[in-house]
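Presented below are the structures under discussion, each in the form of structure tokens.
Here subunit A shows up in two complexes: once beside subunit B, once beside subunit C.
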Partner chain A sequence: MTAFFEYVARNVVRRLGSFVGLALAPCRSAGKRCRIGLPRRGASAGPTKLVESASVTWAEAPRYVVGLALALLVVSSARAAKIGDLESLDFGEQFARFFTLQDEIVRLALLGSVFLGVSCGLLGSFIVVRKLSLFGDTLSHAVLPGVAIGYLVSGYKDPVAIFVGATLAGLLGTVLVQLIKKTTHIKEDSSLGMVLAGFYGLGVVLMNRIQAMPTGTQSGLDKFLFGQVAALSSVEVWMMGGVALASILLVTVFYRQFLLGSFDVGFARGLGLPTGLFHYLLMLLLAFTVVVSLQAVGAVLVSAMLVIPAASAYLLTDRMHRMLIIASVFGVLSGSLGAFLSFFGNSLPTGPLMVLASSFVFCLCFFLSPRHGLFSRWRKRKTRDHRILNENTLKAIYHVREERGFVGEGVGLSQLAERMGETAEEAKRRVRELVSAGLCDIQESGAKSEALLNPDGWLRACAVIRNHRLWELYLTNQAAYEPDHVHDDAEVIEHVLGEDTVRRLERLLDYPSQDPHGKLIPSLADLQRSLVKTPSPEPPSGYRMPGS
Partner chain B sequence: MSNFPLEAHDLTVAYDRRPVIYGVDVQVPEGKLIGILGPNGAGKSTLIKAVMGIVPKSGGWVKVFGKPFERNAARVGYVPQRESVDWDFPVNVMDVVLMGRYGKLGLTGRLSSSDRDAAADALEKVGMLPFAKRQISNLSGGQQQRVFLARALAQESDLYLMDEPFVGVDAATEAAIIELLRELKSRGKTILAVHHDLPTAQTYFDMLLLLNMRLVAFGPTEEVFTQELLQKTYGGRLTILAEVADQRVQRK
Partner chain C sequence: MEFWKQLIPPFDFQQVFVEPWTEYLDSFLWIFAMGFLVTAACGFLGTFIVWRRMALVGDAISHSVLPGIVIAFLVSQSRDTLPMFLGALGAGVLTTVLIELIHQKSRIKTDAALGIVFTTLFAFGVVLVSLYGENVDLDVDCVLYGELEHVIFETPVAFLGLFEAPNSVLRMGAVTLAVMVLVAVFYRPLLLSSFDPGLARSMGVSPAVIHHALMALLAVVVVSAFEAVGAVLVIAMLIFPATTASLLSDRLPVILGLTLLIALLSAFLGLHLALWLDASTAASISVVIFGMFLAAWASRCVTRVAREGFRR
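Moving on to the complex of A and B:
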């Protein structure tokens, strides 16, 4: 499992690197428009032209991954550059520059994204397993009027005032949802939807008013809608750090309480645990996470950063603690990637880019997850289909031998093709499949080639025939099917019947030797007989007709 | 004053002012296997949830071994209804059984190897040890019920409250569970189990508690399992209680 996860993580990182390279290729060719750094700050000592270096190729992508890893490990001590001055950089240099943290503003942004990823991953995991995704969405939209009011009260973009205002608005929103649910018969999803839209509408109106004020255009409040990591101040980043640290500490210390409270709240109360307390603790952490993440992802999409990394992790693991860790890693990955793309794309809003990055991670999990992924399911089905095809060939060989009373071991390919209703080439191909599965040999004698089952192959053929005939017998004898109704069902069942079920069928049917059509049900003794190449005298039948 | 494993006095519970059980008085003796019987909506699950404070009481009191439940919670094991949890939750069988040990750990205690041994023992007893690492959604209904039972065993309690432990399980599991309950009883434990099936109730339990919003009868099975009392529990005479309960809600 660990090895696979390493493999996946490696692949995700490598593919993300390449993906970015491809996605931004047009941007790179546009050359001059691509700059790291937002927003442009003040006057500068003159533009520093940089020589265009070789363009990024897929093959080079791993280099940047290594760069990323190094950059995350070693905090660069390079002095902050005036990044607004750089007019043209190719993708690779921008990437390296971003992840080696040469610029103060990049350091803040990346740090913020890491904090955001961790706290969203942790809280989001609980949101996902508690089926509270819509609640998270409502909370994140409900904080918006609080942001505007915080701004109005303090008179500028004061992080603390906005934090307090947003938290209060978020809590008010959740209280309202509960109030509507308790006092009316409106169901929770409707009340969540109403509160979400109502608060969000109020927030947008208030923000428009603020923008219309004389000082409003400089407010930067528009960044709270879709997020902008480049506009993060150090106070905001440290608040994000505080929330991330608190989340890590509380989730680690009270992991058991949060786990049990999420899985089985009735049992938790039966143990005498203060479940209400831990529920509200989790909700409060969630509110804080949403509020401090606003500046980076924006109110509209912060709930996506809660849900998507956690849902991706849910596809990869069946254990809660692993889900928490993987979700945090995914959160950090997509957060920093979104931040990078935002810088690179010349002040694109960060929220949508982070959500795109995490959606990409989700897609990888959706297709490649070992247990729940589409790809693994497809592969499982393919191997199963392959096995069924082989077993059908084995059956055909058995049938040919049965028709001539088990005399002689080799089965001519032309006979086999006739029996299977296939062309000679197809029959040969199918027998070759058996050969490569180690069940059969091909014996060439002149122009005639014969399929010769080895002991393993013969055992498998007998087992499949036995499953088929036992099932037919069971359906006619015990389930009162007509004998001519049972074949199709047995064609399917013969490939999936487990050893235990076969034993039980044998006992139930009193070890029969003939199927409803009067054919022999091969037993272990038949396998022995086949190897000595003598047709066997039929033992008395254990088969009884229904009603006889 | 004697310390009954469970004693309730005038216990009344209402959901949103709609009464579900009215003034139940009961004194449960130690070391008995007791079935709680009654029609749908009679308040069987509510009774055991009210004992543990999972639903709030609106009147009366409950004592567990002579003390309020909160002070004796560690002596009570609980098997909730199987449908009450999401079986896709990312935990495996062992994780669930270990939850039975959480009550003994305090606020920040860590699971020790003795907790793991106790959980493994409990799994062994219900025949689920080979499945310890299995994710819980990959279990049959009967296996899931066994896991819940193992979790209650891991609690090592003296009083067990079980909410429909036989619902949706195969015959083999049902026999295994009843065997286990008898074994618990022989060690002096007291078990109350909500039950649905009348014919088996007679053979499974020492005592029966017949409930239909009111306590209809509580006593040894041979005395309580009578045509008259069952008729009173399942028949129509107590429907007026439910109608009045509805009227209270409408006048709100």
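Moving on to the complex of A and C:
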């Protein structure tokens, strides 16, 4: 038994350390990735890789632990202050009251939001990647009758009784969804909706009864629907802390199992992992989280706190462990912001404010996320289109020069316009863009102006041409295309071929010098010397009949 | 024991079942009519919603119409039907557009997009209600479980000179009638596109048009049911009749008929349950429907087991 605990403890320390270390060092483990959204690849990385990524890199753990300890110290050592001066609602006073943390209520509320954010962020991430988002919604409504029954059994708003009752109700709801799915033809979304609505209706009736009882009017149960963070008791906050700690521990200890179960159930089962067990463990943790969050966010909107921070994190990163951490941070941020805002209004429910805060964070991520944001993607597309346009101009200049056998440096704008099939103004504008990109100069001599590529521009032009013609040759020789069918494909791919691919193509095609149309493929060596052609008897064509 | 006695009041047959139909018939009739109409309209339309796996879209729309309704109240400063309808419809359309936008423009899956959009809009609506609750004559309770009983406080309006009825009952009746007529007229395209979109397309029925029309109809029904049953319980009225009926029969016309029967029965039993327990009417109706579903499910399981036992 002791050996088991020792094992678990060692694992916890190691995983925690490596977890934090990995999160803090973005590029360290570039080779050991398990990408979100590509289950097969994650799976083929195999168990060894996954273990490897969790190996000891806990040099940075102490820093993190010290920070956490400091934060706790600050929170707990703040001077205890008077409770119940809620009527002073002056903005400045409330502001000071909130940020000096002198008030017991404020401290509890803030601590509660932090715990809430952490556990919701961690479990929400798994919910989102497992596509169970609406399951959280069902669970959060289904706990309501349990809350009422917990209240009835204990006779007052006892956090422990309510916790037990609500968890049981939530699990009953979960089992019911599974049972309906298994024994009837009813689809999952309908069964989720049924459990949600049926349990919720039951809960409302029970709560109406409680409110009709003589003691019921002060029950405070109505706060469970939309949450009131100011009404958190210290027992509730410590229960939230317990659940947050439990989720951190279990997620770190069983990180690998949860990860595999989320992305590739088949592979996990193949490894002999009890996936069903871990699924239910996750569901249990989820139920705990939902239940302890009721007082702070309310039953109707807990699911939002599960889904929204996790979805925001999903927009920012591709790695699961980073997503977990970012989601927790977002959860904490929006939870505290919601708590803060609800202190200003007299009776503003906390839950909706927390949800609005996290939606705000989500909007920011949706538009500004460096990789997946709408705005960044739009900018990326814009620069790419610009680059393609420039490369096409370069190509046109190359073609003009090629037509006259590379004699003379400058290319007249009128010739260029003719070659591109554009007006003279358009050609001039395109060349100007090249000039501003530092690839070309314009030489004005009288009425005639010429474009002169500088060495950089010439290299780029040759590179694009080479890509184009290499690809044409590849299509004819390796993929058995007809030579007159390859141009359009090459026109697209010339802009995206990377250096590595080009090297491989050259090797594959045995360092060709001519494309299927008998034109020169400028190689690295050609770039160094003049391309002015010395007439040779019969240029060998690079085109080979397929099969010959 | 004293405690439990307080929880469940004594059952008085006279008070629960007889008096409403004799002494208080005038007001009770309209509550009953409203309960039946809401359940019937939702259940009838819900059959298709359930078949097309749009059950949770209904949930999302019923939540997210709230800010639309509140803003319409604030802007028009009245409880008129038209601005409320427009506001709610706008919110419903906004919901579907936003879900599609998030789903298409980012890597977020549909279910998460749904969860994000409707909770955000609902939270916005709740904040608006708690800020301007007095102005809009709408409180959080109404949002959560509706106020079906408030029908009796409305001044009755004459209907075609035939009889007098509360305005909201008339409106709900019109919506119910419209749903039934539309379903009857477009029965074949609906049937086709719900069960075999490919075949429907080949026969010249556009599944996309049907889908959007159904969404619009859903929004209308949800909006008109909103005040009576609140944001969450609409989903009970939408799903339960259809699933319960589909446990009892395999044929669509029979299922549609059964949903009406279920609506009638559940409105009747639910009202009396609410009277007995002194609880919210909408919540009681959904508890009754839930119970009916559980009964149908159990009976199906029992007959299946019995049939298998008989075969052996």
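Everything below uses one rule, namely that the second predicted complex is superposed on the first by the 307 of 548 C-alpha atoms of A that agree within 3 Å, B and C clash if a C-alpha of one lies under 4 Å from a C-alpha of the other, contacts with A are read in each partner's own complex, and residues count from 1 in each chain.
Everything that follows uses one rule, which is that contacts are C-beta pairs under 8 Å (C-beta built on N, C-alpha and C of every residue); 3 or more make two chains touch, one makes a residue touch a chain.
Source: prediction; values computed, not measured.
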{"item": "Subunit B versus subunit C as contact partner of A:Leu389, first or second or both or neither", "value": "neither"}
{"item": "Which of subunit B and subunit C A:Tyr314 touches, first, second, both or neither", "value": "both"}
{"item": "Touched partner set for A:Met323, first subunit B, second subunit C, both or neither", "value": "first"}
{"item": "Partner chain(s) touched by A:Arg256 [first = subunit B, second = subunit C, both, neither]", "value": "first"}
{"item": "Greater subunit A contact set [subunit C / subunit B]", "value": "C"}
{"item": "First, second, both or neither for A:Phe267, with subunit B first and subunit C second", "value": "first"}
{"item": "Touching partner for A:Val175 - first (subunit B), second (subunit C), both, neither", "value": "neither"}
{"item": "Partner chain(s) touched by A:Leu152 [first = subunit B, second = subunit C, both, neither]", "value": "second"}
{"item": "Partner chain(s) touched by A:Leu196 [first = subunit B, second = subunit C, both, neither]", "value": "second"}
{"item": "On subunit A, positions contacted by subunit B and by subunit C", "value": "131, 314"}
{"item": "Touching residues (chain side subunit A, partner subunit B) in the complex", "value": "129, 131, 253-254, 256-257, 259-260, 262-264, 266-273, 314, 317-320, 322-323"}
{"item": "Subunit B residues touching subunit A - in the complex, by the definition given at the top", "value": "49, 52-54, 69-70, 73-74, 76, 78, 80, 84-86, 89-92, 95-96, 99, 102-103, 105, 107-108, 111, 135, 151, 155, 161"}
{"item": "Subunit C - residues contacting subunit A, complex", "value": "3, 6-8, 50, 53-56, 58-59, 102, 105-109, 111-112, 114-116, 119-120, 122-124, 126-127, 130-131, 140, 144-145, 232-233, 235-236, 238-240, 242-243, 246-247, 273, 277-280, 282-287, 289-290, 293, 297, 300-301"}
{"item": "Footprint of subunit C on subunit A - complex, ascending", "value": "37, 128, 131-134, 136-137, 141, 152, 155, 180, 183-187, 189-194, 196-198, 200-202, 204-205, 208-210, 212-214, 225-226, 300-301, 303-304, 307-308, 310-311, 314-315, 345, 347-349, 351-353, 355-356, 359, 362, 366, 372, 374"}
